[in-house]
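You will see subunit A twice below: alongside subunit B first, and alongside subunit C after that.
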Partner chain A sequence: MAKYYDVDDILAEEETLPTVFNTSVYGLGRALDPSCDSKDLPVGSNVNLPFWLADFLSRRKMLKPHLPKFLKKKLRDELQGEAECVDLRDRCKFFYELGRKLCTLQNLDGSEDLSAFLLNTFTSRFTGMLTTSHICSNEKRQNYTKVLSNEELELFVRAQASSKAFEKWIYSKGLKISSRIKRNKRKREWEGQEFRFRTRPVVSA
Partner chain B sequence: MREGGVASSLTNEELQYCAENETITIIPNFSTASLHLVNGEYGPFRAQNEATVPFWLASLLRKRNLCRVKPPEWMKSEALIAVLAEEKRSPNEWQELPHHYIEVAKLMFTAAEEDFAEFDMDVHEIRRLIDDIRLVRFDKIEKQFKQVTSAMTIRLTNFCAMELNLMRNFLLSSLDEYYKFSTAEESGDVQQQRQTQEMDEDESQDFQVRQLR
Partner chain C sequence: MATDFARTATNLLKELKTHLEANDLGGSLGSVGGGSGYSGGDGGVLGGLLRDPGQALPQFKEEEVRRCLQEVAEHYESLVSILDAFRDQGVAWEGRPEVASSVLIHHQALLRNKRLLMAYQNMRLERVKAFRWKCGRLPRSTQEKLSSPEKDFVKRYEKMLAKYQKQAGVDLTVGFYPPSENMLKVRVVEDLGTMEFDYIGEADLQVGTVHLLPHEDAERLIIEGKLEHLAN
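Moving on, here comes the complex of A and B:
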């Protein structure tokens, strides 16, 4: 689905989630877990790893991933109660993107109802977004954008841009339409002198 | 903002340009043979007799004070009041209006505002009515969108060009988002199936091993 060079996609995979190692890791203790004392990482140690690494290692059954903090039960309950007011931006900027990725992750606890939960959250926040983006005071808008996750923000900005463009058009007065292509106004220079089109010299008969 | 995710749409000004091709009735105060232009033949014009021309020609003539523009039939206040009442009555249906009604109304108000009075029409009332209709219709569109809960089809019968243009960006990208959810769900299901399959295989291998023993 996502493109290889999609920056949002890369950033979403950069978010960390807690994992527990099934195997010990030799020589990478410091690199994976800065708080680790020894050189090697023992079996069963808890480490926060970015999604892309956790995904790779869990496929090789080297670790067991757990749900990140923002998808734990407490926040889920909050979101089910009052979805519109919860500050998703603070929890995780790529809430949905990462959530969808987690759905595809193997042997993750509590991933069964994850996709349904994400969809529910999005739907209930979507309706609020719809009205706020089109008819709302500026102050409320600014406060509102602070709680949106990245995906929602993009939708919001799009909606606002088109409604602003419409308002601009309907209150504009002129009938003329300015062209999108700007004419190239650079003057030609010819041997240091400005080149001008002149009227053709009159040839006397 | 990401590019390419959504089909490029026309700007409002370009829509207005398209709307200028709509035909409209004028009453010229000059007489001339028909005009042969690149995209068609208009006329012949006879003074005080009605003629049908595209709006761009009408506004050109109006600017030179060569004609009066007759507001179209649907712009009469009785018709508009009826449409408004009908719009308010049925919450899930949109009334049939000209495809470019917002644009044509705006063009009429800017190019030929004085001409309304000559045909016994109150320009302020009509302006207010059209604004009301636009708002009521838009409100209904938003209500319709609130029912969207998945990547599904939405009925857009009788939507007008400007309304579509206004909602296009938002609607398409939100449907995109919903589509991503549905694909994630599917792939999640596939994953789970694969897991159960693997477990089954493990068990059957165990069984075989036990049998061998």
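Moving on, here comes the complex of A and C:
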């Protein structure tokens, strides 16, 4: 419930996945599947449903969900080979978020190694992402952000912001110190610096 | 019959999100508590302002929202008619999975629509609040884009803020950074007539004229874009 108002969470749940119905559905044949002729949806129909509906119905064993296209075997192999250059944004903007949600589904084929696969993909992409966020040309950066999923993009933007903030801090420090010295000097002159300096050697000796 | 399962509401939310991201207010929205409201250091006191304040919020999509509500009503009607039709037959739910699934689907679609609309409204109000803290009062062009409950919200929020600030005795929306100088050198962008200030008394603020004004008063007017800060 904590994420009720979270727009990213809502949009991630909007992605569709293929499902097979275990029951028939009264009166919703045309609504669920445009190619269905009868008024009721028959048992065993293949329907693409958004995750929020598929999740709810699969928990009640009314349908059997399958992995969405972007997590099918062929594309998985592709990701395992050269994870860094694969365009995740094109596949699914909410790659990790949706993947994480899919892991919680009970009766999903091929969900056993899904979490390990997601983690693998992330770690192998992360190093390159971190390097690129700190040092690269603007042009390359723009191209690079187009292949990142939403979650990665947020990390990327934050990494850039932090390195910018760090640079700002490390360069401004020099300025601050010099200005403080100047002020101290002036202050000493006003406070009668000569008097203090004349007396001090006498005391210390 | 509603067949598209909250598609309208989803598009509504997506559009709003894209618009708000394209017209960022600069810095993170949570800068009220002393975050990076204005990027101190690069040039003027107040960097990172919205390029076009009229675009801070898109028009409230009344037509779409009405359509979503209608979809909710349709789902509700189907729910009631299904329940009515099968209650008379007196069959247990376990024996009629096709009816049970239909009821659940209608109900979920209804709740989904509600969540999407709530998120849409919430996102707009968050932007309105953030705008008030970072850029001052909503300009007239943006006010016209609000729905009437939203206008009401703005009015009350404004009142609440004013009341609290009066009790506290400070303008809470300015001064997240300690001022480096007491007076600010400003050029007038928008004709403000004659205004009264601390320390210097009255000043005639005509377009193009340059003044030295007290920091706390000037900052508010600069944020609202009525004055321009002239950094040395």
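Methods note: the second predicted complex is superposed on the first by the 162 of 205 C-alpha atoms of A that agree within 3 Å, B and C clash if a C-alpha of one lies under 4 Å from a C-alpha of the other, contacts with A are read in each partner's own complex, and residues count from 1 in each chain.
Everything that follows uses one rule, which is that a contact is a pair of C-beta atoms (placed from the backbone, for glycine too) under 8 Å apart; a residue touches a chain by one contact, two chains touch by 3 or more.
These figures come from a predicted structure and were not determined experimentally.
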item	value
Subunit B versus subunit C, judged by how many residues of subunit A each one touches	B
Touched partner set for A:170, first subunit B, second subunit C, both or neither	first
Contacts of A:5 with subunit B and subunit C, given as first, second, both or neither	second
Touching partner for A:122 - first (subunit B), second (subunit C), both, neither	first
Touched partner set for A:56, first subunit B, second subunit C, both or neither	second
Touching partner for A:35 - first (subunit B), second (subunit C), both, neither	neither
Footprint overlap on subunit A, comparing subunit B with subunit C	6, 168
Residue numbers on subunit B that touch subunit A, as the complex places them	1-2, 6, 11-14, 16-17, 59, 102, 106-107, 110-111, 138, 142, 145-146, 148-150, 162, 165-170, 173-174, 177-178, 180-181, 183-185, 187-188, 191-192, 195
Residue ranges of subunit C in contact with subunit A within the complex	1-3, 5, 10, 13-14, 17, 41, 78, 82, 96-102, 104-105, 108-109, 112, 115-116, 118-119, 122-123
Subunit B partner contacts - residues on subunit A that touch it in the complex	1, 6, 8, 96, 99-101, 103-107, 111-112, 114-116, 118-119, 122-123, 126-127, 130-131, 133-134, 151, 154-155, 157-159, 161-163, 165-166, 168-170, 173-175, 177-178
Residues of subunit A that touch subunit C when the two form their complex	4-7, 10-11, 14, 21, 23-28, 30-32, 40, 50, 52-53, 56-57, 60, 62, 168, 172
